[in-house]
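Take a look at the structures below.
Shared chain: chain A. Partners: chain B in the first complex, chain C in the second.
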Partner chain A sequence: MKKFFSIYIYTTIITIALLALWFYITNFTGWLSPIIFPSPEIVVMAFFKALIELFQGFVSSMKLLVPSFVLALILGIGGGLFFGLHPKSRKILTPFFNAFSPLPLTLFIPYAIALLPTFELASIFILFLAAFWPIFLGTIQGVLLVDNHFWDNAKTIGLQQKDLILKVIIPASSPFILSGTGTALNLSFLILMTAEMFGAKSGMGYFIQFYTDFTQYDYVLAGLIFNSIVILLVMFTFEKIKKRILFWTNLKNEAN
Partner chain B sequence: MRKRKWLFGIVMLFALTLVACNGDEEKASTQEKTYKLKVGYGQLYGAPLADIARAEGFFEDENLEVEMVSFTSGGLDALQADKIDIALTFGTATPLNYIAQGADFKFVGGHMEGGQPVVTKKENASQYKILEDFKGKKIATIRLGTLDVVFKSALDDAGIDIHKDVDFVEVKSVADVLEAVNSGKVDVGLSNTGHMTKTEALGLTPIFWSNDLSPNDLCCRVTVRGNITGDKAVAYKKFMKGLIRAERVKLENPKKNLEASKPTFKQLPEERVNEIVNEKHLINSADPNKREVINTWKKMQDIGYISDVETINLENHFDLSMYEEALDELIKGNPNDEYYKQVLQRYNEQNLDFK
Partner chain C sequence: MAKVLDRVYTVKEEMINVRNKIEAKSIAFDYDGVEILKNIDLTIKEGEFVVFMGPSGSGKSTLLRLLTGLAQPKKGEILVNGHSIAKSLPDSAVVFQDYSLFPWLTAEENIILALKQKLKKSKTKQELEHLAQSYLLLVQLGHAFKKYPGEMSGGMRQRAAIARALSLGSDLMFMDEPFGALDPVTRIQLQDLILQVNYEQQRTIAFVTHDAEEAIILADRIVIFSPGPPGSLVETINVPFPKPRNRKKLIESLEFIELRNYILDIMNKGIFEKLEQGHEIRSAGEGI
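And then the complex of A and B:
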C-alpha cells in the first residue's frame, strides 16, 4: 500500500497540474476557442447534469461489451491453440488472418446489420471482431514461442494431449495470451463508438458521438472523462488478474 | 318439476353466456387492428414530424405503433436489410445513390427541405456575393450531403468546373466542417441545419442558404423498400397521415414542435433544440415532392455522382398512393378545412402537374 501511494502520488500531482493548466488556459488566456475547449468547471457541470445518462450508457455498453469479449476470449484462445498446434492448417489460413485482422471495422457495419437479426447482435459482432484478433493472434504467437524444454519435459513424462494443453501450453503461452487480451480490451473501448453508431439509444460511445454531432463539447469532454475512468478501472482490474495469473514473472514487482 | 326448473336455469345460463361471448367477439372483430412500424432516423436531424405525431397521439389515432431507431451510420443499410420499415431522415441524394446501385427503395413521402447554410468567417463574408466568388477557394463538405449536391450542382450550372476551379475537402461531420473553417484550413464550409448558435459563437456566418441556391432543395425523404402491399401499405398510409397532421401542428404552433422534439435531443439546451427543429430556413413538409427528387437525380448525374443509370426507371421508385390516400381521408374527414385543400394543391403541383 505504501509503495502504491509512493508511486501514484506523482501521478496525482501530474493530474492536478494538468487540470490547473487546463483551468488557467481556458479562464485566463484567449489561446483556445472556448467552444471547442470549454473550461473544467463547465465540463464538471455537464458531467453531473448528464450523470444518469452516463450511467445508463455504461449499462448499455456493458451489455454489448461483456458478451462480445467473453466470446472473443473463448474463440480467440480456442482458435489460437488449435492453429498454434496445427502448423499445416495455420500455414494455409495465415494469409486470411493477415488480410482480415487489420481491416477497419466500420466496413463491417452494413454486413453486420444485414446478416444479424438485431441491432444489438450486429454491435456485439463488431465488438467481437475488435477483441478477437489480438487474442487469437496473441495465442498463436504464445503457442509458437513455448520453450523447447517444456515440450521435451512434457514428452519425457508422457503427458496426454489434454494435460499438455492445460498444464504446459496454456500456462507457458499465457503472457502472450494476456498481452493480446489487454490489447483487445483497449480496442473494444476504442471501437464502442463505431459499434454504437446504429440502433443504440444509449451507450458510452453513443454519448460522445451524439454530442460531437451537435458540437456540444462540454458534454463530449464529460463523456471522455467518464469513459476514461471506466477504462482505467477495467484496466486496473485486468492488470491485477494478469499479475496473479503470471505470478512467476517479474510483473509481480510492478506496482498496481 | 323442481328438477326441470334447475335444468332450465342451467340451459338459460349457458345460452346467456354464449350470447355474451358472441357479443365480445363481435366487439373484438370491429375493433381496429394494430399496426407496427420501425422507423429509422439520423440523430443529427432528429425527426420533428414523427416526434410531433407521437406527442400529439396522431399515430395512436390510427392504431399505429411507431418505434424510433436512431442512427449515426448505416440507416439505409438497415432499410436494405429489412431491419427497419422506414428510413425517415437520410436525405434525398443518399437513397438516390442506393437506387443507382440497384436498391429497390421507394419514396412515399417527405420530411425536410432547405435550412442548410454555406458558412465562412465573418470578416470574409463580404467576399462572397455570387457563385463566381467561390473560384479558387477551398471548401469543406460532407460527401452526398444535401448541400454538397445542391452547392456543387449550382456551381456546375454557373459554368464553374467543380474539379478544377474549386478545391473541395471532404470531412465527416458538421463539427469537422465548422472547425475546418474556424481554423482557417478551408475558406468556406458546407454546413447543416441546427448549428447556428455554434456557427456564430465561432465567429462564422452563413453567406448562402441551400434555399437560395435551389428553391425546394430536398433533404430527408420518407423512404421504404420492396413491393408495398397489404398491411404494409395500410401502415405506411397511417404513418403519412400522422406526418401530414404533424406538419400543420409545426406550422401553427412551433412551440409544440419544440416540446415534442426535446426528448430526442437529450441534454441539449432548449434554445439549441429550437434552432434545430424550428430554424426559419428549414421546412418540414410531408409532401413527396417527386418533381424535386427527379431534379436531384439529374443534378447527381450532372456532377458525376451517379453514372450509367439509363437502365434505371426512376418512376418505379415512387409510390405516392399512400400519401394520396392519407390526404384523401383527411380531406373527407374535414370537408370544410381549407388547409388540407391547400396541401392537395401543393401535392398536385409538386408531384403530378410538372414536366
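And then the complex of A and C:
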C-alpha cells in the first residue's frame, strides 16, 4: 500500500484537485447547468443509491464480454499460430485479413441482428469480431518475428509439435500476442458500451442510456464513474497478468 | 618448426585406423547471392577435436551451421556417420555463443525439455528432473537449478548450455564461439571442462573460435579459413601436443609459442592480402 502511494502520489493529487474543481464550479459558480452537471456530492449519493443496479449491469455486460473475449482468445491465438506457421495459407489469405480487419464493426450490426436470433448473440458476435482481429494479427506477427536463434535452438534439440508450440513458439511470440490482447480488451469495452446503448435491456452502457433518456445526469455520471472504475480494474489486472507472463524479459542478472 | 612437423606425422599415422565421423565433400554456400563458402573438403575423425579458425566473415560459423544440418549447402554433400544429413539433422548437440537456452525456462526446465525429446516417454517427470539436476551438478551449477537464464551470468549460462549438450548424450558436439563473451577465468574453467569431455568420453567436437591460444589448447587439429567472402580452407594444422594436456606447461613451452605465432602469421597474411586487394580496387576506382 505504501509502495502504491509512492508510485501514484501525483495521480492521487491530480484526482483530488479535479474533484475539488468540480465541487467548486458546481457549488459556487453559475458557469454550468446544474441539470447536466450535478455537483459531486449528488453524484456520490446517486452512485450508492444505484449500486445494486450498477452491479447488475456489470454482471449483464460481463455475460456478453467474457464469452466473446474467450472465444476471440482461443480462435485468435489458434488461428494466428496456424497462419504464422503456414506461409502458403497465410499468403493466400492475407488480402482477406487486410480487407476485413479494418472494417468498422458497425457495418456488421445489420447482418448480426438479421441473422442471429437474439440481441445477446448478435452482441457476442460483434464483440468477438472486435477482439478477434487484434489478437489474431498480433499472434501472426509474433510467430513471424520469433527470433531465428530460438528456431535453431529448438531444431537442434529436436523439438516437435506440442512441445515446439507450447514451450517455444507461444512464449517467444507472447509479447506480441499480449499486446494484441490489450488492444482487443480496450476495443471490446468501447464496442460493448456502444452496443448496449442501443437495443440492450441491461448492462453498463444501457444504464447510462436509460438515465440520459430521463435527464437524470447524477445517475449518468455515477454510471460513467462506475464504468471507468471497472475498466481501470480490468486493465490493471491485465497488466499484472502480462507482466507475470513476460517475467523473463525483465530479469536481473546475478553478475550485474 | 621441423620438430613440430615430425610430430605431425606421428599423430597422423595414429589416426589412420579411426572411423570418419564427418565427411564434407566440395561444399559451397551462398547467401543473398554472396558466395560465403567455396570448395570445402573436410573430414573429421571419431573422437577428434577440430577447431575452425578465421577472421569474421570467413564462413567458419556458416560451415559449422551446415554441419549441424540447420542450413543446407548449395553444392556438395555432408555425411555424418556415413549418412547424408540433407534430409534429417544428425544426432548431435549444439552450443551457441549465447542463446542455447530459452529465457522463459529455468536451467533445469531447459535441460528437461531437451531430455524429453531424446528419451521420448521412457522416464517419469521426477526421473527427468533428477537427471537434469545431475548434469547441472556436473558443471557446478548445483545452486542454479531453478534460475532463469536472465538471472545467470554469461559463464553460468554457458555452463548450463554445456550441461544441456552433455545431457543429450550424443557423441558429436558443435560449439560456435561458446566462450567468446566470457571473462578469462571462466573461459579457462570451461575450456578444461570441454577438454575433459572430449578426452574422457571420446566425444567428437567441432569448435569455432578466433582465439589462437584457445585453438591450440583445445584442438587435435586446427582448420584455418581464408578471410571471406568467399571463405575457403587455407591450411590444416595437426596440433602436436598429446592429451591430456597440462595447460601451464603447455603455454610456457617454446613449441606452443612457435605454433601460436605460426597460426597468427597465416591469419595475418590472409588479412593483409584481403586488405591489399581492397586497396587496389579503391585506387583503380579513384584513377577513373
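Note that the second predicted complex is superposed on the first by the 238 of 256 C-alpha atoms of A that agree within 3 Å, B and C clash if a C-alpha of one lies under 4 Å from a C-alpha of the other, contacts with A are read in each partner's own complex, and residues count from 1 in each chain.
Everything that follows uses one rule, which is that a residue touches a chain if its C-beta (ideal position, glycine included) is under 8 Å from a C-beta of that chain, and two chains touch if they have at least 3 such contacts.
None of the values given here were measured: they were computed from a predicted structure.
**Student:** Under the stated touch criterion, which partner chain does A:149 make contact with: chain B (first), chain C (second), both, or neither?
**Tutor:** In the superposed model, A:149 contacts chain C only, not chain B.
**Student:** Scan A:159 for contacts with chain B and chain C and give back first, second, both or neither.
**Tutor:** Only chain C; A:159 stays clear of chain B.
**Student:** For A:210 in the superposed arrangement: first (chain B), second (chain C), both or neither?
**Tutor:** Only chain B; A:210 stays clear of chain C.
**Student:** On the A-aligned overlay, A:167 touches which partner chain: chain B = first, chain C = second, or both, or neither?
**Tutor:** In the superposition, A:167 touches chain C alone.
**Student:** Examine A:37 and indicate which partner it touches, taking first as chain B and second as chain C; both and neither are also allowed.
**Tutor:** Neither partner.
**Student:** Check the residue A:248 against both partner chains and state whether it touches chain B (first), chain C (second), both, or neither.
**Tutor:** The second partner, chain C, only.
**Student:** Does chain B (first) or chain C (second) touch A:22, or do both, or does neither?
**Tutor:** So A:22 meets neither chain B nor chain C here.
**Student:** So, A:97: does it touch chain B (first), chain C (second), both, or neither?
**Tutor:** neither
**Student:** Which of the residues in chain A come into contact with chain C in the complex?
**Tutor:** Going through chain A, the ones touching chain C are 147, 149-150, 152-153, 155-160, 163, 167-168, 171-172, 247-255.
**Student:** Per the contact definition, I'd like the list of chain A residues that touch chain B in the complex.
**Tutor:** For chain A paired with chain B, touching residues are 33, 35-36, 46, 49-50, 53, 106, 109-110, 113-115, 118-119, 197-201, 209-216, 219.
**Student:** For chain B, which residues are in contact with chain A within the complex?
**Tutor:** Counting only chain B, the residues touching chain A are 43-44, 69-75, 77-78, 80-81, 83, 173-175, 178-179, 182, 194-195, 198, 201-202, 265-268, 272.
**Student:** Which of the residues in chain C come into contact with chain A in the complex?
**Tutor:** Where chain C meets chain A, its residues are 68, 70, 89, 92-94, 96, 99-105, 113-114, 116-118, 147-154, 156, 164, 168.
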